[in-house]
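Each of the next two complexes has chain A plus one other chain: chain B in the first, chain C in the second.
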Partner chain A sequence: MADSTVIPKDKTELLSTKPSREGWWLPMLVLVMIALVPFARFVDAYNYVLQVGIALLMWVTLTTSWNILGGYTGYISLGHNVFFGIGGYTAALLFTHFGISPFIGSVLAGFVALLLGVLAGFITLRTRGPAFIISTIALLLVTTLWFDNWEFVGGVNGMSLPLIPLPLSFVKVPFYYAMLVAAVGSIWLGYRIAHSKLGLALRAIAQDEVKAEVAGIDTRRLKITAFALSAFFPGVVGAIWGYNLSYLRPLIFFTIAVAAQMVLMAIIGGRGSVAGPVIGAFLIVGLNEVSISQFGGSELNLVITGLILVVVLLFFPMGIVGSLREAGRLPASLDWD
Partner chain B sequence: MSLLKVEDLTKSYGGLRAVDGASFGVQQGSVTALIGPNGAGKTTAFDIISGVVEPDAGVVIFDGEEITGAMPHVATRQGLGRTFQITRELGDLTVLENMLVPTIKADTRSLLGPKVRRDERDRAMDLLAFAGIDKLALEPAKRLSYGQRKLLELMSVMMADPRLVLLDEPAGGVNPVLIEKIMDRIETLNGSGVSFLIVEHNMEVVMRLSSWVIVMAHGKVLLEGTPAEVQQDERVLAAYLGEA
Partner chain C sequence: MAELQVAILGLLLGGVFALMASGLTLMFGVMRVVNLAHGAFILLAAYAAFFAHDLFDIDPFISLLVIIPAMFLLGVLVYATLFPRIESSPRYVEMTVLLTFGLAFVLEGLMGFAFTGIFRTANPSYATEAFLIGDLFIPKAQLFASLLSVVLLVGLWAFLRFSRNGSGVRATMQNRSAAQIVGVNVRRVSTISFGIGMALAGASGTLLSFLFPFFPSRHWQWIAILLALIVLGGLGSLKGAIVGALLLAVLSSFVSDIFGPVWAPMTFFLVLFLMLLIRPQGLFGKELRV
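Our next item is the complex of A and B:
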C-alpha cells in the first residue's frame, strides 16, 4: 500500500512556503543575451534578425497570456487574437487621431483588451468544454465581421500608420525592446499567478469545477478574472505589432490561424506550466525561420514544421515541460512552477 | 437547536421525482445519519443542500439563514462542507495542494498572496498527520488509494473550518481497517464541535456514529428516530426490500 511511501529527502524542501530559486541563472542568462541582441550591429541582415526577435517575443507574450486561461484554467480559447487585434487598432486610432505614440498607447490598448476580456468572459464562460471553444470562435467571427465592415478603420483594406521617424538601421530597435518588456511582463504575470492562491484556484477549476465550487471557490468570478488577465498582454503586443508593421488590416490580426498558433505553441511547450509556452514559442518560431531560410516560404516548410511537431508530440504527449516533469527529468532551469 | 433545516425539498429529473417533498433537520453538535435504499433521493438531497443542484421547490436553511439555490461556494463559506460519494479529489494537484484549495478566500489580497502560507501548511500537515496520510503530502492525489482519497476529502473539508459536514458514504468501498480509522476521525471531529450529516449504507457505521437517523424512501422522509428505534421499525426493512 502507498502508506509506506516516505517523502524523499530531496523533496522535503518543496514543503517550503517559498518557490525554489534553483536553476534560475540559465533563464536569466538567456534573457540578458536576448536583451543584448540589438547591440550586435555588425551582423548581416541586422533588421531581419531583430524582426525575427520581435515576432518571437510577441509569440512568447501571446502564448504565455493564452496559457492563463487555456493552461491554468483549462478553457481553450480559439479567439484570443481578438484581443491582439483590438489592441492593435486601439493604439492605431489613438496614434492617428490623438497623436499618442503606440508605445504609450499599448498600455491603454492592454486595458481596453482587459475590459473586453471581462465582457467576453462574462458571455462565453457560461459554456465549457467544446461549447466554450466554439463560443470563442464565434467571438472571433463576430469581431472579424465588425472590422471588415467598419469603414472608419478602413474596413477590409485596413489603415496605414506613419513610419517611426528613425534612421533605417535603428528602426526596429524600439519595437524589439517594447516586445521584450511585454514578454517579460507577461511571463512575470504568469509566474505570479502560478505561485498565488489565484493560480491554485484556477488549477482546481481546470481539474473539477464542481469540486472547486464546493471547496469554496467562486469559480465564475475567477474564470472571468483569468479571461481578463489573459487578454491584457495580447492587447499590448497587438499595439506594438501594428506600429511595427505600420499597417493594420483585419486579415493580419483576426484569422483563426493566429489563435491556433497560440494553442499549438502552448501545447508543444507544455500547457499549464509557466515555462511551457515560452519554450513552445521559441521552438515553433525557430523551426519556421530555419525551414523558411532553407526551403523558402513554400508548402515544404509547412510540411516539415508539421512533421517535427508530430514527432515532438509523440515523444512528449503532455508537451515538453509536462512530459519531462512527469518523467521526473525536468531540469531545474525549466521548472518555473 | 437545528443547525440545518430543509423543508419540502422537491427535485425531478425528467419524469423521475428524485426528491419529493422531503423535510428534515440536523441538530447542532449531532451526527445525524440519512439512510434509505438506493434511489431514495439521499444524494440528490445532499446536492440541493450544498448548492450543486437547484431544487424545483423547497427551502434550505443553514444556521438561520436561507441558502436555497445559492452557489456551492456560498454554503461552503458559511460553514457547510461536503464530500462526494465517489471522491472528487483534484488528481493532478498534490495532496497538500488539495488541502490548500479550501483556504482560498474571495478577497484580492488573499488571491494574489502566496499559494502556501506557513500557518496554512502547518495546519494542513497536522490534519494529514491526523488522518495518517501526511507522508503522501507531495504526491499527486491520483496516486492515493480509494480509502486514502476518502480521508483526504474529509480532511480538506476540515480546512475550511466547517460547522456542518455532509458526508456521502464515507465508508463506501473502503477496506475495514480504513473504515475504522475514518469512523474514529469523525468521532474525534464531532467531539470538537463539528456536526455531521452522513449518508451511509454500512449499518455498523450508522449505528456506531449517529445519534439520530432519518430514513428516506422514494424521495420522501419515511421516518426518523434514534438508531435503536429505526433498527426495530418494520417499515425500514420493508423499504430496503422494496416493499414500501
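Our next item is the complex of A and C:
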C-alpha cells in the first residue's frame, strides 16, 4: 500500500534524541522581544498590535499542537478546531455560571479537551489513512450541528461574555501574556514529545505502522495518547480567545477554515519538525494581515489559503524546515529537533 | 402509512445521494484519490444549472446535456494538471486529500466571490408539484431526480461491465500494478475515471439545484455526508456506496421526521462512528491490515 511507506528519513536522525544547544540564542532573543512587546506603550494602534500578537501566538499554539498528531504521528486531523471550540465554550460556561475567570478556566478547558481527545481518538483511530481523515471531518460536522442547535449556549447566535474590567489601554495585555504562556507551553510539549520515547514511537508509527506494531509498540494506545495531547492546548487557547473576543459563536470556532489554517501553517513550515509549525504560523498570520488589509473580503482569503496549500503541496511538500534540512542548509537557529 | 410515506421520500433522496457518492467512490477505487473538492464541484454544477434556469429559462434536465460533458472535460483537465505531479509521492493518498482540500477552498472562495453567499434554488414548475397515489404523496422533483439517478447508475454499471475501458477501470480498481502488467494504460484509465467521477458530480449537482437550497460554503456539509457514506460502504466499493446511500437516506428521513430536519445530517456521522467501532473497514470494504 502506497500510504504506509513514508517520507524517507535518515535512520540515524531518529536515534539522535539528544538536542544540540547550538544556535539557541536567536529563538530565545525573539521570545524575549515578543515578551517585551506590551511594554512598547508608545506605538500607534497599541491594542491592534497586541491583538495581532494574540492571534499569532494562538495560531502558533494550535499548529504546534496539531503537529503532534499530524506531523509526528502522520495522522491528519481536519477537525482539530473541535477542541479549540470546546475549550472556548467550556471556559465561557464556567465563567457565566460559576464566575470562574477564563484564565483559570482555560486550564480546566484544556483538560476537558484532553478527555474529549481520548474519546474522539478512541473512535476515529479505529481506522487510518483516508478513512481517519474523513472521520475527523465527521467529528467536526457533528460538533458544529450540536452547537448550532444547542440553545443553552445560544445556538447559532452564540453567547457573549462580560468584558474584562480594565482600562482600555490595558485590556489586551493579560490575553497577550496568557497566549504567550500557552504558546511556549505547547512548543515545550511538542519538543518534549519529539525527544521522548513516545515521540520515537510516534515517528515509527508514521513511517510504517505495521512494522511498529510488529516491533512491540502498542500503537493504538500511543496514537490515542498523541491525539489527547494534541487536543490539550487548543482547548486552552480556545478559552483565552473566547474571553478576548468577549463573544462565542459556532461560526468562529467550528468552521473548517480554522482547521485548514492549522494544516496549511504546519505544512508550509514543515510537518513533523518542532520549528516548522511556528515558522508557518508567523508566515500565514502575516500574510493574512496583509491580504485582509489589501482585499478585505473573506472570499479571496479562502482562495489564497487554498492556492497556497495546493502550490506548497505540489512544489515543496516537505515545507520550509524539511526542504532546508534535506538540502543541508537548515540554520542551527531553526533546528529545534 | 405515515412511515411508508417517510420511507418513500427517503428512498427517493437516497437515489440522488447514491449518484453523488458513486463519483466519489469511483475516484477512490480507481485512483486512490479522496476528492474533498467533490462537494464543491457538485455545487459548481448546481450554480450552472441554477443560472441556466434563472436567466435563460432552460430546464435543469436539458442543461444536464451540456453540464455532464463539460464537467467530464473539467475533470480530465484537473486530473492532468494536478495528479501526475504527486504520483510518486510516498504518501500519495494523504497528498490527494490535502491537495483537494486546498482545491475545495479555492472553489468555495471563487463561488462566493462570483455568486455571493445568498441561498439559491432553481424553481422549475415540477419543483412544487406532486403525484398523489392514494394517501401517498410523491413529489415530482424528487421522483424525476431519483429516476435519472437510477438511469445514470445503470449506465455506469453497463460501462464498467461491458466496455473495454470499463474493464480497464475494473482491473485498475482490483489491482493497479497487475492491471499495468497485463497492458492496461493506467494513466489513461485514471484520467477517464476522474472525468467520469466529475461528470457524475455534474449530474448530481444539476439535480441538487432544484432539490436543496445551496450557497458556496454548503459543500462542506455535502462532502462530509458523502465521505461518511463511502467509508460506511467501504472505501472504493461502488456497491457499498449505493447500498449505504439508500439505507442512510431512509434512516435520515426518519430522524428528520422524529427530531426535526436539522438533525438529519447527524444520522450519517453517528452511523459512521458506530460503524468504525463495529466494523472499521465498512460494509463491503477490504479488511485493514493490523
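Criterion: the second predicted complex is superposed on the first by the 293 of 337 C-alpha atoms of A that agree within 3 Å, B and C clash if a C-alpha of one lies under 4 Å from a C-alpha of the other, contacts with A are read in each partner's own complex, and residues count from 1 in each chain.
Keep this in mind: contacts are C-beta pairs under 8 Å (C-beta built on N, C-alpha and C of every residue); 3 or more make two chains touch, one makes a residue touch a chain.
Everything numeric here is computed off the predicted structure, so don't read it as measured data.
S.K.: Quick check on the superposed pair: does A:330 touch chain B, chain C, both, or neither? Answer first, second, both or neither.
M.R.: neither
S.K.: One more residue to check, A:314. First (chain B), second (chain C), both or neither?
M.R.: second
S.K.: Of the two partner chains, chain B (first) and chain C (second), which one does A:213 touch, if any: first, second, both, or neither?
M.R.: After superposition on chain A, A:213 lies in contact with both partners, chain B and chain C.
S.K.: For A:179, decide between first (touching chain B), second (touching chain C), both and neither.
M.R.: In the superposition, A:179 contacts neither chain B nor chain C.
S.K.: Under the stated touch criterion, name the partner, chain B or chain C, that contacts more residues in chain A.
M.R.: Comparing chain B with chain C, the partner touching more chain A residues is C.
S.K.: Pick one for A:198: touches chain B only (first), chain C only (second), both, or neither.
M.R.: So A:198 only meets chain B here.
S.K.: Which residues would you name on chain A as touching chain B in one complex and chain C in the other?
M.R.: Looking at chain A, the two contact sets intersect at 1-3, 5-7, 210, 213, 219.
S.K.: Spell out the part of chain A that touches chain C in their complex, as residue ranges.
M.R.: By the definition above, chain A touches chain C via 1-3, 5-8, 74, 76, 78, 123-124, 126-131, 133-135, 137-142, 145, 148-149, 209-210, 213, 219, 255-257, 260, 263, 267, 297-310, 313-314, 317.
S.K.: Inside the complex, what are the residues of chain B that reach chain A?
M.R.: 50-52, 71-73, 76-77, 81-82, 84, 88-93, 96-97, 100-106, 110-118, 121, 125, 132-133, 135-139, 143-145, 148, 156, 160
S.K.: For the complex, give me every residue of chain A touching chain B.
M.R.: My answer: residues 1-3, 5-7, 11, 14-15, 17-18, 192, 195-201, 203-204, 207-208, 210-222.
S.K.: Using the touch definition from the top, list the residues of chain C that touch chain A in their complex.
M.R.: 28, 32, 34, 82, 85-86, 89-95, 97-99, 101-110, 112-113, 217, 220-221, 223-224, 227-228, 230-231, 235, 262-263, 265-266, 268-270, 272-273, 276-277, 280-282, 288-290
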